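Below you'll find a set of structures to go through.
Below, chain A partners chain B and then partners chain C, in two separate complexes.
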Partner chain A sequence: MNLNFDEFQKANQTGGELDNIRIKNFDNFQKKGFPSKKEESWKYTDLKTMLYNNLSKLEVPNNKKTSQCHDEWLLKNFKHNQIILVNGEFVSSTFSFESKDKIKIKPLRVILKDKKNFNKIKELFDDQKNSLTSLNHALVRDGIFLEIEDNYSFNKPLVIYNFFNKSSENKIINNKCFISLGKNSKLDVLKCYKAENSIKYFNNTIHHYSIQENAILKQFSINNNLDNSYNYHLTNVKSHSNSIFENFLFSSGSSFLKNEIHCNLLGSYASCFVNGLILLNNEQHHELKTNVNHRYEHCKSSQLVKSVLLDKSSGTYQGKIYVEKEAQKTDGYQLSRALIFSENSTFNSKPELEIYADEVKCSHGSTTANIDQGSIFYLMSRGLSKKQANKMLIEGFLNEAVETITDINIKSLISKLLIKKINEIKFETNEH
Partner chain B sequence: MKQSTINSSEEYKYGFTTDIESIRAPKGLNGDVIKFISNIKKEPRWMLEWRLKAYERLKNLKEPNWQKPKYPKIDYQDLYYYSAPKNSENKPKSLDEVDPRLIETYNKLGISLKEQEKLSGVAVDAVFDSVSVATTFKDKLTEKGIIFCPISEAIQKHPDLVKKYLGSVIPITDHYFATLNSAVFTDGSFVYIPQGVRCPMELSTYFRINASETGQFERTLIIADKGSYVSYLEGCTAPMRDENQLHAANVELVALDDAEIKYSTVQNWYPGDKDGKGGIYNFVTKRGVCRGRNSKISWTQVETGSAITWKYPSCILQGDNSIGEFYSIAITNNHQKADTGTKMIHLGKNTKSKIISKGISAGHADNTYRGLVRISSKANNSRNFTQCDSLLMGNECGAHTIPYIENKNSSSNIEHEATASKINEEQLFYCNQRGLNQEEAIGLIVNGFCKEVLQQLPMEFAVEAQKLVGISLEGSVG
Partner chain C sequence: MLQITNLSASIDNKKILKGFNLKIKPGEIHAIMGPNGSGKSTLANVLTGKNGYQVEGQVLYQGKNLLKLPIEERAQKGLFMAFQYPLEIAGVNTNNFLKTSLNTVRKVRGLKELDSLDFLNLIKTKTKNLKIDEKILNRQLNVGFSGGEKKKNEILQMTILEPKLVILDETDSGLDIDAMKIVSEGVNSLRDKDRSFLIITHYQRLLDYIKPDFVHVLVDGKIAKTGCGELALELEKIGYGKMEAEG
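After this line comes the complex of A and B, so read on.
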């Protein structure tokens, strides 16, 4: 692996503070290297070995413009605003359904180069969660900078397309996405991922969401296209009082995907929902790590993760609810349910509660098991084939997570994608 | 929010010291001290070599530091590794020869060795600092072929058994504290139940740390041969001192085909005073292996004492159809900290495990459940059920649940659930209304909360434990 930082640094000099931040962070990264099993939060994912075995030629992308994308990749029959990123670079944005004066959108590269604007996001570079965040700070080149004013509700959802074409092959792509939602505003974000010809790349993205009082941000991350990519998506959320953050994950496509969601509830009556489904086959490895931090009274958080594991795949759920001393009357809930379909699949879960306040209601549950043979028998005795019975039960099982989506249009879109995905899967279940 | 107030009237009942002359090994941890211990115990050469091997390994080991309760660095060179009442060199043949002051000490603790001998019931092995001072009911047990004696005696009299099983569950290559114990362990109990024997009484060991600046390192080894059954109780107390004392014990259980071991602990080491000064560091390694088919190991623990409790009694379910159980109550008050739980490693087919953990946290205490359930790819049709409930009293304390759940087998089921909450106001009101004061009401509710675990204890212990639950929480509500 040769991450030629010096060359990158030369090509991307801004003459400002960022240069030093990059150097400092690259040093931090080099000291630690890619995360391995020795770190508690990477206990079930040895990224170091994984990258070494699969992406040994990983390199930093050069400055060549490579931003072609294909129109057939865009969502049809679904009215939406859009932002297109190709190979991590901001290509275009259209907000045809919205009043444009309420929205401030810029490619992140513009912000990074401009001193005054950079000061706004400078503090985001202080975050040192792990070596990948350091690496992201050092090598970030582009992304999204979106600010929405107070009292503005989006008419249609915003879809952020992340396309990767051939020139991303063996590249490490670092972006940041910054969205700030003003008071009483509302936004739905859908994120779609698509790679050309199953190329291998490593995508390391950090999302920063700031949700002001009474605002509602819903994020739907759809990763359903099978490809050979390796992804680490970190989401940092700051939720102020009375705000709602809703997050849904459709985690099914990439070879490796780790979603890490850190949500800080910074005002009373804020709520956070993290729901998702993990549907894996072949040798896929997906992980969801959450950390919901209750810091004020009367906040609510709820997590529901449903996983289905086939073939040699493995899934991990590491959830954490942290309740500070001041956060009385907290309501925290976590539930992870997994179906292990094959002898070679694995599911690990670590639902964690850390509570320092007494007047709370916190609970979690976690189950892992195979599909209920009684139910299969019931369906087969009514004339369904084994394959149909399996599909039906999996669909019903995963649908419980989809049902948590509160937007009806998005729910039906995701539901359709899920059915399509289930139909693509070959079932070779093992009998015991 | 109600503020916790500390009621100083209830003090640690077992906080007295016994003024008794003792022999100590020189301070510090080195090869010579280990030779001294081995020599005074008249151990055979292989045992000394085993200890030295562990010590060699220890030199390259680092203390683990991933646990939740942090503690100041322990100076291992500033501890006595051996302390024994002076006249114990010529071990008493019967209770009449035991130093009356020791008998008195155990009477004070509520373990009347003489009474126990007369009344049928429990066979007791009393361990005072580094040596076992008395074992009751020897004759009756010998009749059945049961060996129940201090481990130092077993090393001399039953070397084959000790050689075969010692370190087979917790090897000398284990973690820091386990290896430290392997190098310097002083005494403890040895139990062997022969094939097909059902032990007619509860076996019990009482541990007491008396001397200051002493670490207690006992080692217990229990072997249940094919088709046998044994229930073993362990209790512990220590005097009140404002220094922290280290207790690093190892307990190994081996259950062969169709055997069952029931291991109950009521741990009431000195917890330190209300400001968190003093108290025992209880860093114990307990591990049992269900080696045979249809074997069963059941751990029950009531943890009320110690400044820091850090232990995970584990079951390795190796034999097919074997069963592991873990019932735990951990109560922390004032500045006590507990990081406890279990590990259930499913290796054999059709293995089952059950974990019931109740954590109660009051005052400034921190209570953590940390547990691992691992079902390996060959453990077909295995099952686990885990339930961890935490109760919080006051807003200065913490309750944490950190379960690790790993399933590699598609025919196995794992269920886990956990809750954390405070005492239900309505239940309190109901009790108050019927004339119970706040403290009695809490005692009642907490006992109900713990009932599932208390029921698992043998009768004699259950009563004691129930009282202990009440006492530990006294003064935690104002």
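After this line comes the complex of A and C, so read on.
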């Protein structure tokens, strides 16, 4: 694997601080390499081996401008604002339903090149969670820079489309998405992913969300289209007092997807909800890691993750709730439930509580079970085929996660996508 | 309608039914009574097609080999069992389940599928007749239902699916007198010259409300005695013990 950093570095020089940051971070990455099972937070995913086996010719994309996206991929009958990224590059944005003076939107590449603006996001490059973060800092080319003023509630959701066409084949795509939501403001973000013709690529994205006092940010990450991609999505959230962060994850489409969500509750009465579903078949491998950090009093956090594993797929949920000494009256909750459909599928769960405050309410639970044959018999005795019975049980099981979505239009959209996804499942290993 | 000849069934190498014979003609109501462990529920499960039993013998249903049919085909062809313990199925909406079940069965039977409005009208009438609170239709299937609600939900499914052969597996257990009356009325309203019933019960009391044509006493996997409705009353007096001794 030759990432051609020198060539990339030459082509992307800004003459500013970023050049050195890139060099330093690439060094850091080279010392560690891609994460492997030796690292605690990667113990269920050997990314290094996975990439060497599937993407041995991985390279950094060149600076050639890439094409646009196909209109038929856009969501229909769903009024929304949109940002389109193709192969990780910012292509366009439209905010048809909003007061544009309240919104500052820029392609990240513009911010990276501008010394004054770069200072605004410089601290993002301090984050050194793992070698992939270093790699992202070294190779980031584009992404989203979005600032929303105080006291502005979006009228319609913002959909961020992430399209990948054949120019992404065998490429490693590093981008960042920065969203800052002002005081008392409100925004719903949907992220959709679509790759052309089952091309293989590795997408390494870091999201930074800064949610000011009393603001509400809801993020719905919809990975439902089956593709051969490998993805690492890291989300860092800074939640200030009285703010709400709600995250829903639909983890189902890609060959490999690891979502890592770090919520820092940085003011009292802040809350964060990270819920989602994992629905996998064939040989897919998805992982979700959540890390909620309670640092102030009276904060609330909750995670509900429901997973269904078919065929030879495997899923993992690692969830940590950390409560600092000052964070009295914390209310933390976490539940993971998985349903296994095949002898060859696996689910790993690693719940963790680390509590230093003495007046808190925290609970966590994790169950993994086989599909209940009694329930299948009951449904079939009412005329349903085994396939219909399985689908009904999967939908019912995963629906509990969908029910956590507090926006009625988005809930209905995701519910429809889930039914469509379940209908595509073949149940080959399950038919006797 | 149903002809069972020399039926044997074992589970985990334990023989439960040992040469069971029974013939049910269209329009007849048969009751099977028997002590715990005599094989009543096994009979119901084997007829419905539950996995896990080693089965020998012959069962003809409407002239066809029932034992060869997959579970769902038995249901589609008009066999219905009301479960002794209806399963709680989390996440599955009762209304959706009923509609899917009915439309699957209607499709196979060559009937037009009902749209949401037609289905709603149908279900409204049926729930009213059975004095079922419509609210349960929006709840998860049997989850948190009371014992009575679960059994009524079974009878609701029966009246919607309009089966040809109904097996009631201890439907009376756990019912109070009022619920038992409602359930019995549901069953009686379906009585028809083309529809047969097989009622499995421990106690005679259900048979006060649903009058059977025949009563069979099942002891140790075989029918020990067959009679008319009075046999149930007799059993109530003398208990199963004497029958086992005779059998």
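Going forward, the second predicted complex is superposed on the first by the 427 of 432 C-alpha atoms of A that agree within 3 Å, B and C clash if a C-alpha of one lies under 4 Å from a C-alpha of the other, contacts with A are read in each partner's own complex, and residues count from 1 in each chain.
Operating definition for what follows: contacts are C-beta pairs under 8 Å (C-beta built on N, C-alpha and C of every residue); 3 or more make two chains touch, one makes a residue touch a chain.
For clarity, every value in this text was computed on a predicted model and none was experimentally measured.
**Student:** Tell me which partner A:E40 touches in the superposition: chain B (first), chain C (second), both or neither.
**Tutor:** Once the two structures are laid over each other on A, A:E40 reaches chain B alone.
**Student:** By the touch definition at the top of the document, which applies to A:G396: first (chain B), second (chain C), both, or neither?
**Tutor:** second
**Student:** Would you sort A:M380 into first (chain B), second (chain C), both or neither based on which partner it touches?
**Tutor:** second
**Student:** With the two structures laid over each other on chain A, which partner does A:Q388 touch: chain B (first), chain C (second), both, or neither?
**Tutor:** It touches chain C, and chain B stays clear.
**Student:** On chain A, which partner's contacts cover more residues, chain B's or chain C's?
**Tutor:** Comparing touch counts on chain A for chain B and chain C gives B.
**Student:** Counting only touches as set out at the top, which of chain B and chain C does A:K361 meet: first, second, both, neither?
**Tutor:** first
**Student:** Just checking: does A:N344 make contact with chain B only, chain C only, both, or neither of them? Give me first, second, both or neither.
**Tutor:** first
**Student:** Return first, second, both or neither, reflecting whether A:K183 touches chain B, chain C, both chains, or no partner chain.
**Tutor:** Touch status of A:K183: no partner.
**Student:** Touching residues of chain A toward chain C in the complex: what are they?
**Tutor:** 372-375, 377-386, 388, 392-393, 395-400
**Student:** Can you name the residues of chain C that touch chain A in the complex?
**Tutor:** Interface residues on the chain C side: 48-51, 70-72, 74-76, 80-81, 83, 86-87, 89-93, 96-97, 100-101, 104-105, 108, 140, 157, 161.
**Student:** In the complex, go through chain B and note every residue touching chain A.
**Tutor:** Interface residues on the chain B side: 1, 66, 377, 380-381, 390, 392-422.
**Student:** Quick check on the complex: what are the chain A residues that touch chain B?
**Tutor:** Those in contact with chain B are residues 40, 325, 328, 338, 340-370, 430, 432.
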